[in-house]
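I've put the structures underneath this note.
First subunit A sits with subunit B, and in the next complex the same chain sits with subunit C.
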Partner chain A sequence: MEELASRNKIKFDKYRLKKLVIALLPLVALIALFVAYLIILNANDYNVSMNLKTLLNQSIVLILVATGAIFIFTLGQFDISLGANTLFAAVIGTLAYKASGNIFVLFLVCIVVAVACSLLNAVIASIFHLPMFVTTIAMLSVLTALATFLIQSEGTASGTSFSITLPSNLVNDLSAIDTPAFKISVVVIFMVLMIFIFNFTKVGRKMKFLGGNQNCAKLTGISVSLFGIIAFALAGLGAGLGSSMTVVYAHTVSTTTASSIGMSVFIAIVFGGMPINGGARSRIYSALIGGISYNLMTNILFILFQSMQGVRDGLVQVISGIFFLAIVFVASINYRSKNLPR
Partner chain B sequence: MKISKFMKGTVALALAGVALAACSGESTEKVVKVGVLVADVSGEEALGFKSYLQNYVAKQYNYEFIYSPQIESAEQAKSQAETFIGQNCKAIIDMADKNRGDLAKLCNDNQVYFAIGSGMMSDEDFAASKSLEYFVGQIGPNMTTEYETGLAMGQYYKDAKNVTKIGVYGAFIPNPMHLYRMAGLLTGLGDTYKGATGQNIVFTVFGDGAQFDASNIAGDVAIDYCAGFDNEGAIFATVGQIIAKNPDAFLSVGMTTTFFADTLDGAGVEYSDIDSFTSANGNHMKNGSLGYLAGKYSSSLGPVFAAIKSAIDGKAIRTEAGEAFSLSQGYWTAKSSEEFEKFQSADSVENPIFNKTLLDSLIGLSYTEFVNEVAKDRTPQ
Partner chain C sequence: MENTAKRTKAKEIGRKALGIFTIPAIVVLAVMIVCLSTGQMILTTDVSFYGFTRYTAVVFLTTLVLSINLGSGRFDFSIGSLSTLSSVIAAKITYAMLEGSGASAPVMLLISIIVGAILGALSGILYVSLKLPPIITSLGVTLIYEGAIYMINSGRPITTETANSSMTFFRESWWLHLIIIAIALVAIYLAFDRSKFGYNYRALRAGQNISVNTGIKEKPNAIICYTICGALMGTVGFLQALPGNQITTSVLNFGSIGIMFVAFLPMFIGGYIGKYTNDKIGYLIAAICISLISSTFALFSAKTITASVQSIVTAALLVLFLIFLNNEQTCKDIVNGTFFKKLIGKIKNKKDAKNGKPQE
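And then the complex of A and B:
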């Protein structure tokens, strides 16, 4: 009997250790990638501070949008319209900023529009009893078309696309806040708020429950529609902040603005250790870790394959894809247990 | 155990990468690096420029031209420019045309030279940027040149080909470059737009909020119009409908050789375009139905490089007012396969028009001398 108990204890310890290792793996990978990045920058005699600034600029919007999106992923849902939402909010925000000349208006309009669009997704899904990702597919087309129409009506043709560009006095105002300190502050405030909601309120706990087992959650009286609406609203908040930061950085908005965000969000979240099915093991900091890791990896690959310019871009995409699959595979080791998530 | 293997593999991969990077760092120490921002990574014109820079100029001058991935948005362009700056590039050549005014300022703030290698900045952006110390300038067809190129094409098809019904592709109108070409084309054909002719067509379109409506075109030559700003399916469907009407020719103010050359070759409809002298276009002219091409040649980027090298060498070419220059450069026009081959053979990667001897003679010139050299007609006779 004692021997059996001892064997079970060893099994349990092993299980806990494996769980801990897998939980820490994204952070370890981030640190490893960061160290490798610094070594590579130094080996090539690159400007380290400029590269870190670039990394920050590349990651900010992705982290903001992805952090909001975590709530949707936790429910086991997927929002494919996040990129289009970011674009549409940026367009309306830019027009409002152009009209008012007030940066506060830019942020406010971007957030209100993005939250409204995101809520519309959830409400439509709720009314018509559709899977939420289905409404997001429709919303992707609608928002892209509306944004394109507005940009073509209000913007000017530049190169092969239209864009709405801000006058130089407004650009100067934006440049004043386009600093690492401001961007980091925005991310920190947003992350603290999201971590609080996700880890220390009933909202976060119920969402994890819903994502883990929707039927069980329903039987305990948790409303799928209500928490779906809350998740989409929070995702909208992330998209709104992301769209404002895009305008602050680029000073212009075109039909191709935020075009890669939708897919990057998904990749970044998975890179950060988020289970692809959501549920109890969802982690709010996945977006932060994954967003930076993903950009670090891409930057490292671009430097390593610099000399192979003919095939470089394709090669980076292929290797990124292989890494993505490898990460999903390693992360899924933890889900294969027959035990319920603890 | 599986995790351990995975981690070992990751560490091994990282170490290999570091070793690779360390090796590449040593070998490229003295090379002058120049970043090139591109929106088009596969077009014939873009590949021609790339081949000239990487396979000729880089070897002659110990320069390295680092190409960006495909730039699709202003934020990507800015991020990539920052990446180039972080890689210690001494200059950036912009061929992506995404918020150039902002990029000029970014480069200036970081003491990296910035030059435009394809297309021109808007007048407002150029006025705001020309006094920046690190903005070298721009060389390309100006709007008058664009207008005259369209005009010549229209006149040729009206007078020499006697066309009466044609298809026209408007590319990215109201992009000013394409709109000026269209104004020239319509004028050359003897048609009017809302009663306007010449460059007044441009002002009329901009007066209407930059909306180009083909139903406003009137004249002896009947035109079926296809706009480029639409979804891909609709554009191809419109071109198909135009071809079905069996037009005398399909005239284009840009991008037709990239998108519709095979379709038009297959239908046997003669077409024209404003593009560049590349092997694919040569093939369309020899074996297909491309009948008229006004184009750039790959080494026409040479003066931009010469200006950048002058600046890096401390002999920057500035206007009398000490500002960045804006110079126009014309197109060559081929109306037959023989003419095309003559142009193409005159500007190969092995023996470009702007070869080392000519480039050396441009580096460090005064502004006036540089203007005269760029303005010289180098069309092969």
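And then the complex of A and C:
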């Protein structure tokens, strides 16, 4: 009897250890990638501080948008229009900033527009009982089209592409906040707020419950529509901050701005250890870890394959895809179902 | 007795006909109103007609693929990249074999279908082997396929391989587009509605657990689904190469996923029509409607109706149709004038329930 109990204890400890290792895997991968990045930068005589600044600019928008999006993913939903939302908010924010010359207006307009667009998604879906993902697909088309129209009518042409560029006096004003300290502060404040909502309030707990078992959550009186609307509003907040940070470092908005953000959000949060079906295992910090890890990985690959100019971009993407699948496979090894997942 | 049976049958036929033809009739009517108000007609030139048939084929095949995937709960982002990759590989192989002469187009179509099927099977094998949610697998596959497309021609568009008289002939032969549509319709009908594979597919779609427990092999079924979808998207890739006799290969960072968005509206419209007839016929009718709307946009100059306006109109139609689809009874009540009566009744029932009175 005692022997059986001790054998079970060993089994349980092994299981817990395996779970812990898998939970820590994204963080370990981030640290390993960061160390590898520094080694490769030094080995190739690259300017380390400049490259780290570029990495920060690349990652910051993705982290902000993805952190907000985690609330939607926790519900087991997804929003494909987040990239278009970021672009549209950046366009309106830039136009408002150009008209007012006030940085505060840029941030305020970006956030209000992004939250409004995101809320529109959720409200239409909940009032008319539409599937959320189809509403976001329609919103993706509408926002991209509106942003393209505004950029073409208000911007300047350069070859076949159009862009809205800020005048030099406004760029000078922005340079005061275009510093790593400011950007990191924005991310930290936003992350702290989101971690608090996600881990220490009823809102976060109920969202995880809804994502884990919607029927059960409904029976306990949790409103799917209400928490859907809250999740989309928080995602809009992330997209709004992301769009304003885009304007802060790029000083220009074109039709390709944030074009891949919508899909990169998926990659980042899954890379960071978040289950795509949401629920209780959702982690708010997945966006931070995944966003930086994914950018680190692509940057490392770009340096490693710098000599293969003609095919480098494609090769980096192929290897990124293979790494992505491999890491997600290992990270989810504990959660295999008997049937094929859907 | 016989008369009653005949009347019931006639009523049923009338109901089905109404369900099948209402949406196409509304689209045709709207198109005619636009044509009359602008004084121009659509599909009057050869260019516009073969453009219409080609686009109908593209929309129809993509809709079939999307419905096969989504019907079984699999969201696949990789169909756009698969389509482009199969056409790029097919163009390269065909050019290496024939150097643009002879029957380049049919050979390229055949290779594109085969390569598409192989790439689809690879996606399927990856999905069943990794056992990750299909949306995640498809993201990884999209990254890999897009990267491969870029690498094959260093991101430059494929032009020499596809600029030949055979491709031009294929582009301008509307009857060839119709043959492709017909073959796809019959093949998909036989595969999904008249075969053991199709019955298993439907069973798995309706109840995954119970089907697996009764002995249906889910993994081979999923791989076959992916293979069929791949072959269809290979055909779409070929058809997409026809208009400008070129293929864009710079589609990195998910630039290829846009193709699937054209199929959402026809999929829902087709699904609705499919309630009254076979769903595949529903998708075809829906594809024709979408292609008609697209041809009507082409009447206007690019300055009047820009691509942006077209996108907004299509998105608005998608949302409006889904609102109708998900609130069909409410819409019927509004048309019949019983909506407010029912609403007042509901409110009264709620009040009564609160006060503890028995409900009506």
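Keep this in mind: the second predicted complex is superposed on the first by the 336 of 342 C-alpha atoms of A that agree within 3 Å, B and C clash if a C-alpha of one lies under 4 Å from a C-alpha of the other, contacts with A are read in each partner's own complex, and residues count from 1 in each chain.
Going forward, a contact is a pair of C-beta atoms (placed from the backbone, for glycine too) under 8 Å apart; a residue touches a chain by one contact, two chains touch by 3 or more.
Only a predicted model underlies this, so the values are computations on that prediction, with no experimental measurement involved.
K.L.:
A:313 contacts which: subunit B (first), subunit C (second), both, neither?
P.N.:
Both partners.
K.L.:
Can A:172 be said to touch subunit B (first), subunit C (second), both, or neither?
P.N.:
neither
K.L.:
For A:57, decide between first (touching subunit B), second (touching subunit C), both and neither.
P.N.:
After superposition on chain A, A:57 lies in contact with subunit B alone.
K.L.:
Applying the document's definition of touch, where does A:322 land relative to subunit B and subunit C: first, second, both, or neither?
P.N.:
second
K.L.:
Does the superposition put A:185 against subunit B (first), subunit C (second), both, or neither?
P.N.:
In the superposition, A:185 touches no partner, neither subunit B nor subunit C.
K.L.:
Just subunit B (first), just subunit C (second), both, or neither: which does A:201 touch?
P.N.:
After superposing on A, A:201 lies clear of both subunit B and subunit C.
K.L.:
In the superposed arrangement, does A:128 touch subunit B (first), subunit C (second), both or neither?
P.N.:
second
K.L.:
Looking at A:250, would you say it contacts subunit B, subunit C, both, or neither? Reply first, second, both or neither.
P.N.:
Once the two structures are laid over each other on A, A:250 reaches subunit B alone.
K.L.:
After lining up the shared chain so the two structures overlap, which partner does A:137 touch, if you call subunit B first and subunit C second: first, second, both or neither?
P.N.:
The second partner, subunit C, only.
K.L.:
Residues of subunit A that sit at the subunit B interface in one complex and at the subunit C interface in the other, please.
P.N.:
Touching subunit B in the first complex and subunit C in the second, residues 152, 259-260, 313 of subunit A appear in both lists.
K.L.:
Can you name the residues of subunit B that touch subunit A in the complex?
P.N.:
Interface residues on the subunit B side: 2-3, 6-7, 10-11, 14, 17-18, 20-22, 24-25, 28-29, 39, 41, 54, 66-67, 69-70, 72-75, 78-79, 82-83, 85-88, 96-99, 101-102, 110, 119, 122, 128, 172-176, 210, 229.
K.L.:
Can you tell me which positions in subunit A touch subunit C when the two form their complex?
P.N.:
Touching subunit C: residues 78, 124, 128-131, 133-135, 137-142, 144-146, 148-149, 152, 259-260, 262-264, 266-267, 270, 276-277, 310-311, 313-322, 324-325, 328-329, 332, 336-342 of subunit A.
K.L.:
Taking the touch rule as given, give the residues of subunit C at its contact with subunit A in the complex, in rising order.
P.N.:
72-75, 77, 126-128, 130-137, 139-144, 146-151, 154-155, 208-209, 212, 218-219, 222, 252-255, 257, 261, 264, 268, 306-312, 314-316, 318-319, 322-323, 326-327
K.L.:
Using the touch definition from the top, list the residues of subunit A that touch subunit B in their complex.
P.N.:
18, 21-22, 25, 28-29, 32-33, 36, 39-41, 43-47, 50-51, 53-54, 57-58, 61, 152, 156-163, 165, 168, 171, 246, 249-254, 256-260, 299-300, 302-304, 306-307, 309, 312-313, 326, 330, 333
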